[in-house]
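Which chain is which? They are A, B, C, D and E, in the order written, and residues in each are numbered from 1.
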Amino acid sequence: MPLLDVDHLTIEIPTEAGQLNAVNGVSFTLERGETLAIVGESGSGKSLTSLALMDLLPSRAVRKARSMRFDGIDLMAAGQRKMEDLRGDRMAMIFQEPMTSLNPAYTVGDQLAEALRRHRPVSRAVARERAVHLLERVGITAAASRLGQYPHQLSGGLRQRVMIAMGLMCEPDLIIADEPTTALDVTIQAQILMLLRDIQREFGMGLILVTHDLGVVARVATKVAVMYAGRLVETGPVEAVFGAPSHPYTQGLLRAIPVPGRTRPGEPLGTIPGQVPNLIGPLAGCAFRNRCDHATDACAADLPERDLGPGHRMACVLDPVATAA
Amino acid sequence: NKANDTLVYASDSEPENISPYHNNLREGVIIAHLVWDTLIYRNPKTGEYEPELATSWKWIDPVTLELKLRQGVTFQDGSPFTADDVVFTFNYVLTPEAKVVTKQNVEWMAGTDKIDDYTVRVRLKGPFPAALEYLSGPTPIYPAAYFKKVGLDGFSKAPIGTGPYRITAVENGKGVMMEKYKGYFKGSPLGDPAIGKIQFRVIPDGETRMAELMTGGVDWIWRVPKDQAEQLKTVPNLTVLSAETMRVGFLQFDSAGRTAADTPMKNEKVRQAIAYAIDRQAMVKNLVGEGARVMHSACFIDQTGCTDDGVPRYDYNPEKAKKLLAEAGYPNGFETDLYAYREREYAEAVIGYLRAVGIRANLRFLKYAAMREAARAGKVPLQYQTWGSFSVNDASAFTGVWFKENEDDMSRDPKVRALLEKADTTTDTAARKDLYKEALSTIAQKAYLLPLFSYPSNYAFTSDLAFTAQPDELPRFYAARWK
Amino acid sequence: MTVPVLELENVTKIYPVPQGMFKPKAMLTAVGGVSLTVARGEVHALVGESGSGKSTLAKMLLGLTKPTSGEIRIDGVPIAKTDRREVARRIQPVFQDPYSSLNPRKSVADLIALPLVAHRIGTSESRQKTVAEMLDAVGLPRRMIDAYPGQMSGGQRQRVAIARALVMRPDVLICDEPTSALDVSVQAQILNLLMDLKREFKLTYFFISHNLAVVEHLADRVAVMYLGRIVEERGREALFTQASHPYSRALLDCVLTPDPTLGMPDTVISGSFPNPIAPPPGCAFHPRCPCANERCRIEVPRPVPVADGVASCFSAA
Amino acid sequence: MLAFLLRRLAVALSVVLTVSVIAFLLLHLSGDLATDLAGPEASPEQVAQVRAEYGLDQPLAVQYGHWLAGAIRFDFGQSFYFRESVASLVGDRIPITLKLGAIALGLALVFAIPLGALAAVKRGSWFDRAALAFCALGQAVPTFWLGLTLIIVFSVNLRWLPVSGNATWSHYVLPSVALGWYAIPAVMRLTRNGMLDVMASDYIRTARAKGLRPKTVIFKHALRNAVVPVVALAAVQFGFMLGGSIVVEAVFSMQGLGQLAWEAIGRKDFPVVQAIVMLLATIYILLTLLADILNAWLDPRIRVA
Amino acid sequence: MSTTSASSATATAAGFDAVPVRRSPLARFTKRAARHPGFMAGAFILAVILVMSIGAPLFTAHDPYAQDISKRLIPPIWHPKGTWEHWLGTDKLGRDYFARLLYGGRISLMIGAATVLMSGAIGTALGVAAGFFGGRVDMVIGYIINVRLALPVVLVALAVAALVGTSLNTVIVVLGLLLWDRFAVVARSTTQQIAHADFVAAARAIGCSTRLIVFSEVLPNIVNPLIVVATLEMAHAILLEAALSFLGLGVQPPLPSWGLMISEGKQYMFFSPWVITIPGVALVALVLGINLLGDGLRDVTAPDNRS
């Protein structure tokens, strides 16, 4: 039984202009010990997907799915209280903005301890002890003295570490990290990514890493899911997807980034023409077809899901061979 | 209220100084009669003069009045009342430092001498037929020793008199607390007061006063406008009483041209036009109400010496008013300010009438003191004034204030002044009347002052209270009692 | 030898910053003694972590703030002695965030024509024509001339910003992270456009970025900045193959190429960017440096020549 | 913290000084003081004597200095009308107005904060809409008209509460409602908006991601941050209320500062007006100062810097 | 032009086609406004009052100043004693109440508009200067704002009115000089934000003069919040005028101002409550309308939170 099994997750947001189909039939699975990276352009629905797993969507958003199971528990059927019990205990989340994700009014120690004491009947002292332990584990020196500090007294990197420690307080089975390093400097980004990788290995958790940085994906993830306009266009083991990108969008993305050694300095980069379609209103067929060099009339019809190898699938009518770059 | 034997009465204005010589507000007059005694008492029913602090008096000559004083009277601090107090009071108020507000009330005296402990002689500046009237009204007697000790400032905070009520607290903005003076002398013409405590509350707002009366917050109010008086009559447990008073409402013009050299008010025709423009009869009928009379002379018609016989009259005639204005050089009217301090709707009605003949007047509604200040400083082109003559039943109490080239005189006509001075000091009644008549005719002729109407006073009070009103606009709470 | 387009000599910028509400103002050295030369026609890149002073340097080049000390020269003429409007004709900016660099209340035509208006060039017809030409040049359809920024995507906005920068035909473009707010697919478009325009308009770029992969792709020379100082300045080849400063090496290590076989880099520098108000003594990088020694803690290293450039490290050369 | 306090205090002091200049000029623009002081029928010599006596013949700056020196000792000279010390006149009235303001503010806060918070939590619901409609309506009702209406309904018709005066606590009920009324929408809106901002903030999402119960999220994590700006507003509102008490006191014939000021204006008794302007301004400045300090103390970002 | 840039040009063109062209800002505004019930309600109320008072002679044949004291205090039509002749009744001097109400509306509107023009100009100038130049200018202006805030408005307005004499113009000038604070505060903070935006830096780098920057870059971007402030301050000014008139130091008789009508009607409120109810309701409606409009405007002109 996979740790997480999402089947056909759909998120709709009513807006002034009409219904926004932000996420459209997303399916994936995640095992313990695996790292799934969700990549995609801004607005492709990565954050909403991860929030949907935690049932933390904005109140207006409507979540639908054929099924969504976490360790056998039906998340779609779980009530408000059940979800509250799960959150922070068995599934934890780390957000993108370390500067604003901690409550400025309470000390770090208070906020850490709260995460544990909410789910475990432990004393203040025990919670504190564990907080110190975890802060040390995420590489914060003088951990005990940090407990009394307020978030504004910490740098961005430190806060993100605190957030990670907070996620670990109850030893969850699943951690969802939504762009945990985007706001950080490159050197800090590397530190945090390594930390996440190490912790994931050490605790044997499932990790979902949301990012738009293909480099990060390639280095950290075991599985990758490429999102475009609210849909998964290609999923599969990292090696497979990066080794043989099959969907024209995945290919386009990989061609667009300069890679030292592969792209020649000064040469034009590969581009994906056009821009992301508007997600308001119904959208049939392949969302990428207006930007796709290979688009045919068939693309306007329903998308086939194609198996390309073990766990490697894409949503495209084209033959993988024909699209290979 | 009756339950705690405290009569709470409310009025709109607050005397700037509780000392009766140092304010000219009606509220001050009421308190003056509760707390202080005068030498002579005028019986409001008969109009006769009766002994009060003085037991008898006689004219030694036309300018000297000798009075025998009552013995055994004490001030409210226990000190005895003697001739010294009278001498001190009357001589003090004649000094410029005393800054008496209404000079007319005392200026007729030249000085007062002590003959013995209980005899004094008041010397007059000249013959003054109204002397007894003044001695029975706006000339209360102060305790000499106490006043000298505390000065005017101290006195105004803790005043003392010989009267039926003793002031226990003076609070600026709130009012005055009084209680019955236990040692009040027996045999006073005022009688023995029945009510234990009296509280005067300043409530500037007419509506609030009315609401307070209706809800039992106060027991007695007055100056209830006609409409409200009619309606209050329908409220159970309230008694409404209407009576005419000596108060006359009038318009006063800047005939002397002190606001501006070219003020239209300097023009006699303009003033007459204004007089013709106003329908006083309609105002009396619709606005002022029962008990009011249209006045034609610059005094209250029942005052001694006052007459409107042969005095020119201005009946409502807007056409004539327009014609006069055109003749005066204002065919399209002009713009001016009308100052007023009470009965705003009367002033507004005047504005409405003026508007109908083309004069656009803007209302400047001020507190009394501010308006008086502005008028005395010569900043007022036109004002709606009222005067209750300090309840002095003599024409001089009216004309003396407004026409003797003193600070309140806006016309400043020396001829009128000369006439009045002569009239005030003439003892021959018939000759005096003629002199007044001549003066009043001149005033009306030149339209220096346009009398409008006499005021009725509408009193409204709880039906628990037995209260009788007198025509002199002086509620006598010492004579009131609970039913 | 031709005069370099841009020359910076010992340029320093110190900001007095209020310390919360409690303390007296502190002195923050945003840029400390930077000397650089940019030759005509080259792409000179500046890389460094957030807060290292890159934007401050750019602002000084644009004449938006004055250096506290030091001198900036354009074609050998000090900026301080040149009319600001004259400088504006020579150097133009492209900012990082195309959302905030365009006045949302103005149409594309007004935005692009603004420099012409400010310099009182041409009539409204001729301006209209110039704007249309610029739209062509940056690859925007002419019918967008009446659009507002709110109606455009990030990439399109950045094109408008570039068109506006080019309308005065400047010599130098200061690009302050022109693509870091954009998605990779759009980034590629803009980078391609910039390379094309460079050829077409014979531009010199001063290109600020923290993305070393991008820098390697288009820069001719690269300066690495740390805490307000240039720690290394090299030709591209030299820097990417044989970086001398440990910080440059660390940055290069953090470049994550999309290659699953590589895994995470093993050597990651520890700690985080120091507080610029209280910079560490000696070499500012020493607290994070894997090869720091006693000397680094005390003495500030001077730039020493290395192959095709200079580096400020005792262990360089 | 001390430096902050001192700086803040210095600013406050300079504002008070400027206000004092304005108040001083107010009196001196009102006409010739000597004539006013000497009384209307004083002779020119008397006026001159008064002028010399009160130092009114000196340059304005010197006079200001004297006046300020007095004002610091709470000595604002003599009332033209009552001819007694302004300080004692004003001193008698302060407690009434302060009491009125405090009750009104208390009522407004007690009413507005919970409602505002609730409206934010139930954003978009009928309750929220009703609360917003109430705000819009509340702000549109003129204080004096509300006061009159309250009198008609609660005093005259229902006879529940007294009409005017300030003798007992029950006298304060209606005026406080009328006075507090105008502050309610402002406080409620600020609480609601603050709460909405906070509820949309990242740290609330974090708190929810920890699995905290909604109650904990709202009361522990949200409200605490949302009320910080309300504190500052409360101080400002209190200042406005003292200023606005002039209308309410006029309607309810309460003998507070406002009534005194209004009557003093009517009587052109400018020393009193001046003193009250000074006093209200000073109280306002003190309040904002206090609010700043309180804010600094409530907000760890400022407190622990 | 090189081939690459040509290809990227066509590519973008295609992409643009893919995005439905959005409506113009005005159309978007009207559409959003039409969906905002508060805004529409406010606009409606305001429009009614505006039309009625500006076109007053069209709605009533009565002269608001013509008195007939034999027809005093006629009750309105819903009262058993009402007459169609004066369907809202007459006041204490027999003037038609409906006519006075309509003409009084003119006064309120005029005071609101004139005051806001004046205070808006002062406040915006100060606020923009403070926000744009910052530093010492900001300190001085911030200080001026503090002084202004410390002054009790009603009291100072009353005192000044009493000093210089009460009239319509006095009221406008006094309120105009007193109510600029919120404009200044809002203009200051929005300008501060704008002044730090890159497009202002860009304009500077382009070589725009400070004047050009202030007028073409800063001002257009702060008008929206300022318009919102203007509506709310207009409501504030109208209420203050009413209060001043109520206290007797605002507009003077015989001008019909709503505040004054309430003040005059106060005397009759116990037995003829409509004399204060009618102008009171008018006042509440006007202020409510303006407030709703202002609040609506704030919502309608607010930028999309995600674009």
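Just so it is clear, contacts are C-beta pairs under 8 Å (C-beta built on N, C-alpha and C of every residue); 3 or more make two chains touch, one makes a residue touch a chain.
None of the values given here were measured: they were computed from a predicted structure.
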item	value
Selected pair, greater C-beta contact count between D-E and A-D	D-E
From chain A, the most remote chain by mean C-alpha position	B
Chain D and chain E: spacing of chain centres that average the CA atoms, whole Å	24
Mean-CA-position distance for chain D and chain B (Å)	41
Separation of chain A from chain B, taking each centre as the mean of its C-alpha atoms, in whole Å	91
Distance between the centres, which are taken as Cα means, of chain E and chain C, whole angstrom	46
Interface hub residues of chain A, defined as touching at least two other chains	268, 271, 273, 275
Multi-chain contact residues (two or more partners), chain C	153, 155-156, 189, 192
Touching two or more other chains - residues of chain E	4, 8, 11-12, 15-16, 19, 248, 266, 269-270
Residue numbers on chain A that touch chain C, as the complex places them	41-42, 155-158, 185-191, 193-194, 197, 212-220, 238-239, 242-243, 252-263, 265-266, 268-273, 275-276
Complex interface listing, chain C residues touching chain A	49-50, 153, 155-156, 183-189, 191-192, 195, 210, 212-214, 216-219, 236, 240, 250-251, 253-265, 268-270, 272-273
List of chain E residues in touch with chain C within their complex	1-2, 4-6, 8-9, 11-13, 15-16, 19, 21-22, 25, 197-199, 201-209, 212, 216-217, 220-221, 303, 307
Contacting residues of chain D [partner chain E, same complex]	11, 14-16, 18-19, 22, 26, 29-30, 132, 136-137, 139-145, 148-149, 152, 156, 236, 239-240, 242-244, 246-247, 250, 258, 261-262, 265-266, 268, 270, 273, 276-277, 280-282, 284-285, 288
Partner chain E, residues of chain C touching it in the complex	59, 62-64, 84-85, 87-89, 91-93, 95-97, 100-106, 114-115, 117-119, 136-141, 144, 148, 150-151, 153, 155-156, 159, 161, 164, 168, 189, 192-193, 196-197, 199-200
